[in-house]
Structure formats: C-alpha cells, structure tokens
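Notes follow once the structure below has been shown.
Here the chain labels run A, B, C and D in written order, and each chain numbers its own residues starting at 1.
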Amino acid sequence: MPLAAGAVLIVAIAMFPSLAPNPYILSSGVIVLNWAVLATAWNFVGGFTGYISLGHGALAGLGGYATGLLITKADLPSFVALIVAAVLVAALAVPIGFAALRVRGASFVIVSIALVLILLLVFQSWSSVTGGSRGLVVPRPFPGMLRPEHHRVFFFLYGGLLLLALATWWLLDRSRFGMGLKAIREDEDKAESLGTPTFAYKLTVFVVSAAFTALAGGLYALWFGDLDPVFQFSVLTGSYIVLMALLGGVRNLYGPVLGAIVVGVALEYFKVEFGNTPLHLVTTGLLLGLVVMFMPDGVIPSLTALVKRLRKREDSSIREVTAADLAEQRKREREAANS
Amino acid sequence: MTLKTTGLRKAFGGVVAIDGADVAFQPGKVNALIGPNGSGKTTFFNCVTGMIKPDEGSVHFGDRDLTGRAPHVIARAGVGRTFQLCRTFPRMTAIENVLSAVRPGGLLHGLRSAHRKTEIDRAHHWLTRLGIEHLAGAEARTMSWGQQKLLELAGVLMAEPKTILLDEPAGGVNPALLDRIGTLVRELNAEGRTFVIVEHNMDLVMSISDHIVVFDRGRPIAAGPPAEIRADERVLGAYLGV
Amino acid sequence: MRSPARRTTWALALSAGLTLGLAACGGGDEGGGNSADDPIVVGISLPLTGDFSEPGKGVQEGYEAWAKITNDKGGLLGGRKIELKILDDQSNADRVVADYEQLIGSDQVDLVVGPFSTRLVVPSARVAQEYGMLFVEPAGAAAEVFNQGFKNLFYAAPAVADDHYNHLAEYLLAMPAGEKPRTVAYAAMDDPFAQGTAYGLKKKLEAAGVKTVVDEVYPPNTTDFGSIAAKIAAAKPDMVVGGSQYQDGVNLIVALQQLNYQPKLAAFSTAPTSPEFAKAIGNKTEGILSPTGYSQDAPYESNKEFVEKFKAQFGKVPEEDQANGYTTGQVVAAAVEAAGCAEQGDCQQKLIDWLHGNTVDTVVGPLKWDATGKPQGAHMIQQWVGNDIKIVLPADAKEADLVYPKPAW
Amino acid sequence: MPSGALLFQSIILGLLLGGLYALLAAGLTLYFGIMRVVMIAHSAFLILAAYLAWWTNDRLGLDPLLSLVVTVPLFFGAGVLLQRGLLSRLRPATLTMMSVLITFAIALMIEGLLGYAFTGTQRRIQLGYGTASFGIFGARVAVVKLIAFALAAISLVALYLLMKRTQFGWALRATIQHQDAARLVGIDTERTAGFGFGLGLATAAVGGTALSLDTTIYPSLHWHWIGPLMAIIVVGGLGSVPGAAAAALLLGLAQSLLQIPMGATWAQTVFYVALFATLAVRPQGFFGGRLAQRF
C-alpha cells in the first residue's frame, strides 16, 4: 500500500526539523532530501525504461544555473525563476533526448556522460553570462532570514517536491503509458512490435525526469546560494544518483528514496567521522560495482526475496533466468545444432 | 486486406539476405512461409514488420504503404507478430504482458489507468482462451517455455491485429502443445484473422495451411496450396540443395 | 499486488528509522560553558586536498604556528588556550559550506576563520554572516568578495588582488618612452584572485596606452598550455603577465620556454614565490617577477618572532601563505583581547565592531579595513635574480634592483 | 587572421595530440568490438599509467619511459582479468548498460586510490629535456611531445601488424566481426576476448606514459579524456579501428586549430558537437562503422 507508506513518509518529513538537535543536522537533512528528489527523478528514466543515465547531475546543474541566471539577469522572483527554469530545462531535454534516445544502450550512456562534460566546459568558458569558474551567487529568496530557519523552510520545500515526484511516479506506474515504458525496459523490440511508440514514450519520460531534476537543482541553488560549474556539472553527482537508485531498487516507488537516505546519510556520517578523503570515491565505486554484480535489482527486492525464501522453501525452484537469457541460450544451442 | 511485398531486397554487407522478393499472402487464410535454413525467412519477417529497414522494394498492407515504417506503426496498422525465440516481458506478470499490448492512443490517452475494467476483462479473455488464465499473476520469467509461447500469442491477439505473423510457433514445444497451437490457429483463422507462419515442422505446415510460399536464397521459388507444393520438384531441390 | 505493498512498507520502515538515526547522531557536542580554563576553539575549513591543496597546507601551517606561539605565551583572555579544529574541504564549495555549517552549528566552535581561495571565501563568509559570526580570512583577495555586502568579513593581508602589481605599474609607466614595454600578453586562470592580479595590471597599463596583444583566460583544470603559449609566442609581446596560482604558472612558463619565446619582462602571480618553483621549471627562472604580500625580512615587530619560531616549529622559513594564516590569527586575537570575549552570540558583534574601528599590527604591517572589509595597501614586487628571489619594488623596501630587460630564460 | 607560423604550429600540435588520441581510441574500439562494452575506466587506467611513470621518475629517479617495462604487462594482465573476472560474468541481456556501470565504478576507484596515494595535487614530471625543442619550418616542436607522439605511433603500427599479420590477430578480428561464426571455426573466443581486452588496456599503459612526459596530471583528469575519446569512437563508427584513428587525427587537429580563435576551453567542445551531430545525423558513424544503431 504505497499510500500508507506515503503517509509514513509525510509524517517523517513533518517531524524531522523539530527532532533535529542542531542546524547542521537539519542542513544534512536538506541535502539528503535533495538526493532523494534527484534519485526519484532519475528513476523516471532508469526505473521505467531501463536506460541508465549518468548525466542527471548535469540536468540538476542546469536547473540551478537557469534559476540563478533568471533571478540575476532577468530579475524574476526566486520561485517564479525556479518554475521557469524547470520548463526551460524540460524543453532543452527534447533535443538532448532526441540525440540520446534514438540509439540504444551504450550510446545513451555516452551521451549522458558527454552532457556533463560539455556543460562543464560551456559554463566554465562562457563567463560573461555564467560567471565562469568564479561561480554565480544566487540571491537569497528570503533575505535576512537566519540560517536555521532557512534550512527549515527548504527542508519542507524539498519534502513537498519529493512527494510531488513520488505521486507522479505512482500515477505513471498505474497508467497505460507506464505499462508501455516498463515493456520498453523488458524488451524494446517486442514492445515496439506490440504497437508501443517506444521513441516517443522514452522521450516523454526523459523530459518529465529532466523537469523534476531541474526543480531539485533549482531549489538547491536557492538554498545553497553559490554555484560553481565544477560542482554543478560533476560526473560524481550522477554516479551518486545511480548508486542510490540501484541500491534502493529501481522497480520500486520508494527504492530511490531509500537508497538516497542510506547513501546520503552515509556520506554525511563518514565526512563527519573521517573527514573528506578520496576514499569516498573508492567506496562509492566499490558499492556501485557490488550492486551491479550481485544486486542489480537493489536492496528491497533482494531483501524481499530473502524473506520469501526463508518463509516458504518450496518456492525455491523458481527459475532465476530471464527470457532474454533463455533466448540467448537457445540461440547458442540452435546454432550449435545447425553447424 | 492483402499483405504483399514488391521487389523487397536486403543485404548485410556483402551477404544478400532477401533478393527482390515479390510475395502476396492470401487474406483470410493460413499462409505458410517455408524454406531451408538461411533462405531469408526471418529477415523477410523483420523487413515486413519494420524491425529492419529494407534496402529496396516496398511492403503494402491493403492500400497502405508500410515500407520502412517504425514497428509500432506497422503493429497499429494491424500486423502483429511473434518472435522466433519467443519474447515476453520477463519481469512483468502474465496479465501485464497482455495489457502492454493495448493499443495506446495519443500520449494523453496513455495517462489513463492501465487497470481499467474493460481492458482487464479483455486480457483475461485471451489468457483464458489460450489456457493460461491460472498464471495471470505470475511473472513471465517463472513460466515454462510453452506457457511463454502462449503468453506471447495472447499479447499479440490483445492488440487485435488483422494479420498475424508467427515465427516458428512449433519451435521447442512438446507434441501435445503442438496440437493445441495448430487447433488454435485454425480457430482464430475461422474468426477472420489472417496468419502467416514460418515453420520447419512440415507436418504442422501441411496440416494447417491453405497457402504455402517457398523461399530459397532470399526469394520465393514456388507458391500454392499444400498438395501442389508437395509435388513441386523445385521445392525438393531447394531443401536437398540440388 | 500484495507483495509490492509489503516491500513498500519495509522500505518506509527502514527509511523512517534512518531519518531518526540521522537526527540522533552528531547531537553530542553541545557547547559547554566559558570558564577561564576552557580552550577557545577556532573552527577552520581548508583545502588540504584538491586544486588548492598546496597553498591550503601553507595556510594551515600559518594557523598552527599562530596557535602554538600564542599558547606558549599563555593563550588569550588571561589563560584560555587556543584549539584549532581544521576540516578538509577538498577545494570544494559544497564542502566548505557544510564544513562551516558543522563547525558553527554542530561543533559549536567559539570563532571561525577563513578558508583558502576566493572561490571558497564567499560561500563560507555567507554561512558565518547568517550565523552572525565574525569572519577574518587569509585569502579572499578578489574585488567581488567585498561587494557581496558582508558586514562580518575582514581580509587579513595588505592588498586586494587588483592592487598587487601597483608598484610595478608605477615603475613601468615612469620609464622613458623608448624603453617602456609597448606590447603585453596576458594569460590568467579563470579564478577571481589570479585573474584579478593580472587584470589589475592590465587596466593600469592599458589606461597608459600599452597595447594588449593576447588576452587569454583558462579554467583552473587546464593542463595543456601548448596552444596558449603558441599564441603568445606568435604575437611576440615585450612582456608577458600570468595571472596564475601554482601549477598553471609552471606549465605556462615551461610551454613558453619550449617555444623559445624570450620576453623583456615576465610577471607571474603566486607561482614564482613557491619554494618548489625553481626546480619545477628546471631552474630557468631568470628574471621572473612576482608580487608578494610578505617578506621574511620585513621589519615589523611581530615578524621577527614569527620567522624565528616558525623555523623552530617547521624547520623552514615561512612563505606568503603561512604568513597569511598567521596574520589572520593575529587579527582575530587582537579583536578578542580588545572585546574581552570569544564565544558565539553577542560577543561576535563586539569583535566585528572593534575591527571596523581599529588598526592591527601584524607580520605584514599595520592593517586597517574599510566598511566592506577591504584592506588598504599594495604588494611588494620580487624578482628572480641568479638563483634567488629578491624584493625589487617599492624602492624603500628593495633588496636588489629590478633587471630590465630580463636576461634570457 | 592568425599568422601562417601560428597556423603551422597549431597543425603540428594538433597532429601530435591526435596521435595520442588515436592510440587510446584504438583501445576503446577494441573493447567495444569484442563485447559491446563502453569502457569508461580506459582513461582512468591512462592516468594511472601516467602516475606510475611520474612515480618512477620522481621517486626512483629513473626515466619515465622505463616504467613501460612494468606497466604494459601489468595492464595487459589487468585487462584479461577484467574481462574474464567481471565483464564476462554479466548477464548478456543487460551487458551493455551494466558493463558501463562496472567500468565506471572501476574508474571511480582508481581516481579515489590515486587521490589517496598521491593527493589531489597536480603533478608534473621534471625532465632535464623538458623544455628542449627544435625548429622545423618556423614551428617549434618540443622534444617531449615528439617522444610522446613516437610512442603512440609505434604502438599503433605494432597493433596494426598484430591484428593483420598474426594468428592471434586473425582470431581477434574474427571474434570482433562475428563471435558465433568465430566459435564455429574453432576459435576460443572467450580467451581471445580476454587477450583483446588486455591489448586494449596495454594501449592505456603506453598512452599514459606518453601523456606524463609533457602534461600535468591529477587524479580526476581522466574525465577530461574519456569525453573526447568516447566522441572519437562514436564519430569513427563504433567498432572500427581505422575509423577511430581517422576521427582521432581529424578531431585532434580541429581542436588544435579551433584553439586559435576560440581559446582552449571552447575548442574542446568540438568533440561533443561532433558526438551530438553524429548521433543525430548518422548514428552509424562517419568512417564505416556498423553498429551504433543497435547499441
């Protein structure tokens, strides 16, 4: 019952600021919620269609810069700028998606990484507009507000955005559109032969995902106040998002949120305990590798499977191979037989 | 509506897989496409259903030119197909597998719930008809090979195609199921659906088809009713490699 | 659809638990009282790894020297020892903010002082401002630091970046028309400080009619300087000015030398004052100029003590970065002694008010600030002569004469 | 209009750079040809090799070129291990996506370990002949750049001869062109694939040493290489070694020439513009590749 679980989440978000012992913990909470929104937004593409994007960090950065530039250059009010920025990024996602989604698999990942790198170059070089490596200072949306209060407001804003993203995911999941997307994830050719306009579906969901990602990035810009291309367009952001979503489980509504909480909290915790060392990268890489090799479906399905197995052993004969693997196997056998 | 190709040609590098094929399938009948291994039958299927773009020639369904169109456009035009190695959506339940074949309208249409009663009823109807209703809630990957073949067919039927292309329906199935598939094809054909079947099992082909097209080296070399084909020496020659 | 429901409940139960876990952890270090024995905890975030790790470590040594020297003399406020709490921000703006957030909000430090590099100063000064803390910093030299409207910020060095070359500009413009360099090439890192130094000089020379023939700005992570050097060498300017940090300056000089380009004058910020500089460019340092805000031989009272005790502590002489860190400490200490307090809360405003109205004697001379926290002074100019770097400008502080045109490198 | 000397100088620099790109892109193409793997960690290994060369020089006082004696066999072994131990164990259905993630994870680990071992500080080999150069028709060519180019060129020629003249090369090319067919004629494609990976990674070892001679290195530098390299293999047509080499020289030259009017950073975007244009207009690449559409 996703609704009941949603209620639990709402209560947890509502309670957290009053439970947080100091502003630092509250600010960490904002960061974790930011990750949760990003991972959920990523999952619109990753979870539904199975296309793994390592470039969502760039979309968030774009949302942040668009918000900041609209405020500083176009004098829009902060939150109007946020919405306009999300619309702009969604519009930009159309040509990006057009290049990236026409081809499958490898090329999509290449394009997603290239997106991060090219935007980094552009935002560093085009300093007359973006501020270049000096960064961009985003005016405070609530001038004069003291920092702890500022954190609290943004914690709730992020909470609202997360719930909106989850609700959208849930609605899509139940729709025929969502069914078509899942079919794409399972077998794109087959889905197409059954009448699903796969390219249009992929593009649409990519745009939706980009819009949510941009909203999270824009909110971050308003909260954080300083944008620097090196950190807004970092490949690392995308890899954390992928790790979170995969770890939590991409097929589950709350998987990415769970992943974001686990990884996000761990990141903050290790930073406080051990400082900020390059070993973070090693750990991230190691975890990502382990998840890909041994738990490609994430923690939630693995745990459920484990529980199921412990509960009723007679089920253990269920085959663990996919039809695609079977097909591969059969192809081999057939060719061997034909030779 | 007649499904027909004119001068269809497809080469992979230097290998010509289909070489100027002119084929017309008889509407309302069970058509069979036979030929030795490597004669280009599956490539032909892929060209017709848009999985591969032909180099030359055209594909028509009735008056409609489907040459080089995207697979989903061809599917929506009323040409459904199964795959040689039986492809289902492994992590989706049987009922979801069938429901994904609902012909989606525009994008807004797609936002409607996938679980509307009329669609679910239709899906259950096809699962029942194919005798796998009891597996409705099971994920496809947990089903047996034969069950998956039936599930795949159920999905195709859900899209309400006028013509159905089956790529080796008898591949890897046991004799009991083979009989069932044969009966099903005849029944579904009797309800007005055209079939085109690529098959190696000659018993099945001869027993259920009305019209047979023989492929060799990428083009049809003979066509006609089973009795005629059985007597055709060119066919024998093609199979024996004479 | 029963099993997804159970999964979901699972997930939520777990996440709720973690949320509470996050709330609970790190809640331990509440600030204690302020009795006379309690140390004064000074929170600092520094780039100990990443782009700015070299200067970051230099500043760290400066801070450490300050803490040791002050504590050896009995601490501040009649016996309270100084305790440094240093975090590594990896030269990363996101981290630097989280660091100060942690230092002020969670660790409840009594004072905070600045990180290294302008890019990191602005975000961290904002955190300090929004918590109402004094923020003295050793490295935010670029103009934009001072137009953010900060009221709590003070730059603990003699001059902002744009004024670093003031003495050199004066000297060049005073030369007879025939000798004066007529064409100049500028290459600067896209960094507020580094670019500020080069562009400060550029503005003054252009105003006097000296022609700019190349004007290149490169991002901080640039490693290949071949094309920039090719452009400069092809334009054959009389003088080349590099707005550099460290490695980029080294790389650009090497690339220029590979093309066998011989300018009459070469000025680079920061890099030439580093102790590793000569070795890094294969000892072909002849005639290179560099501005510096600090000299070990400067005659100020506290400087002698600093150089001597620093040598004893670290076994080497202090450079500019170390001096900057030390100066920052001196400024904060002066304010603390004058205001008679060092803790979060109302005390911080007292410290800020005092600094706005007074002059502080430091190892780089007496410092005073305008309302934006900008110091009022200029940098000395050094030149590599033989195998040593010597002060050549201004005239009253020089150790050697400026050599012009410079010998071939 | 830039002067002729500057133009000529840029062409020389572009060709020298293009040679290195070509060698590295050849490695990436090998992986992709063998098992449709986009090896994100290729450039991370490149930087690792550069660090080993730097370390050889800085800590042991030896010429950085000597590090090749160790790194080439080491990387070959690592490549075989990587293919046999990790990539060949992934499910074929999701191989492409998951292998990207695996190699991405490896890249992160290498970057992290380099940062841990050598800190994030920029490093540069200090060679006695580091600033030496000679003139050629008015352009100046740095000795170190020429050595780097020679290393790349020799390795490419060796790779070419290996692929065309040896039995292993035949087996490798057969495996790339049609795995199943190769198996049918008795080639042990599993083993060949492993060796192919080793060969690919060995190019990173040579490339890294060449790179270290004249560039500053830092742990996260590999991101600035993988982007252009991926663009090169897509433009060259995924899976085609000559295509990749041609694209590498062309784009390296374009980058170098564009630096004159646009500056170093903007010039780098030429790779990505080429990448997007290729995918939008001609996904199979411009130099006779064959695979992009399906992968």
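Annotations
Here, contacts are C-beta pairs under 8 Å (C-beta built on N, C-alpha and C of every residue); 3 or more make two chains touch, one makes a residue touch a chain.
Treat the numbers as computed from the prediction; the structure is a model and nothing was measured.
Graph distance from chain B to chain D, where chains that touch are one step apart, equals 2. When every chain is represented by the mean of its C-alpha atoms, the one lying closest to the mean of all protein C-alpha atoms is A. Comparing the chain pairs A-D and A-B, the larger number of C-beta pairs in contact belongs to A-D. If each chain is reduced to the centroid of its CA atoms, chain A and chain D end up 30 Å from each other.
We define each chain's centre as the mean of its Cα atoms; on that basis chain A and chain B are separated by 39 Å.
Rounded to a whole number, the gap between the C-alpha centres of chain A and chain C is 37 angstrom.
Between the Cα centres of chain B and chain C there is a gap of 73 Å. Contacts with at least two other chains are made by residues 115, 120, 224, 263, 265 of chain D. Shared interface positions of chain A, i.e. residues touching 2 or more other chains, are given as 124-125, 277-278, 322, 324. Of all residues in chain B, none touches two or more other chains. Of all possible chain pairs, those that touch are A-B, A-C, A-D, C-D.
Within the complex formed with chain C, the residues of chain A that make contact are 1-2, 4-5, 8-9, 12, 16, 19-25, 27-29, 31-32, 124-125, 127, 132-135, 137, 146-148, 150, 224-226, 228, 230-231, 248-249, 252-255, 257-258, 261-262, 265, 268-269, 271-272, 275-278, 300-301, 303-304, 308.
Chain A makes touch with chain D in their complex at residues 50-52, 54, 98-100, 102-107, 109-111, 113-114, 117-118, 121-122, 124-125, 235-236, 239, 242, 246, 277-286, 288-289, 292-293, 296, 322, 324-325, 328, 332, 335, 339.
Within the complex, the chain B residues that touch chain A are 37, 49-51, 70-73, 75-76, 80-81, 83, 85-92, 96, 99-104, 107, 109-115, 140-142, 145, 148, 155-156, 159, 172.
Residue ranges on chain C touching chain A, taken from their complex, read 3-16, 18-27, 49, 87-90, 92-95, 97-98, 101-102, 104-106, 118-119, 122-123, 126-127, 130-132, 142, 144, 148, 189-192, 217, 219-221.
Across the complex, chain D meets chain A through its residues 32, 36-38, 40, 86, 89-94, 96-98, 100-102, 104-109, 111-116, 120, 180, 184, 219, 223-224, 226-227, 230-231, 234, 238, 263, 265-266, 268-269, 272, 275-276, 279-280, 283, 292-295.
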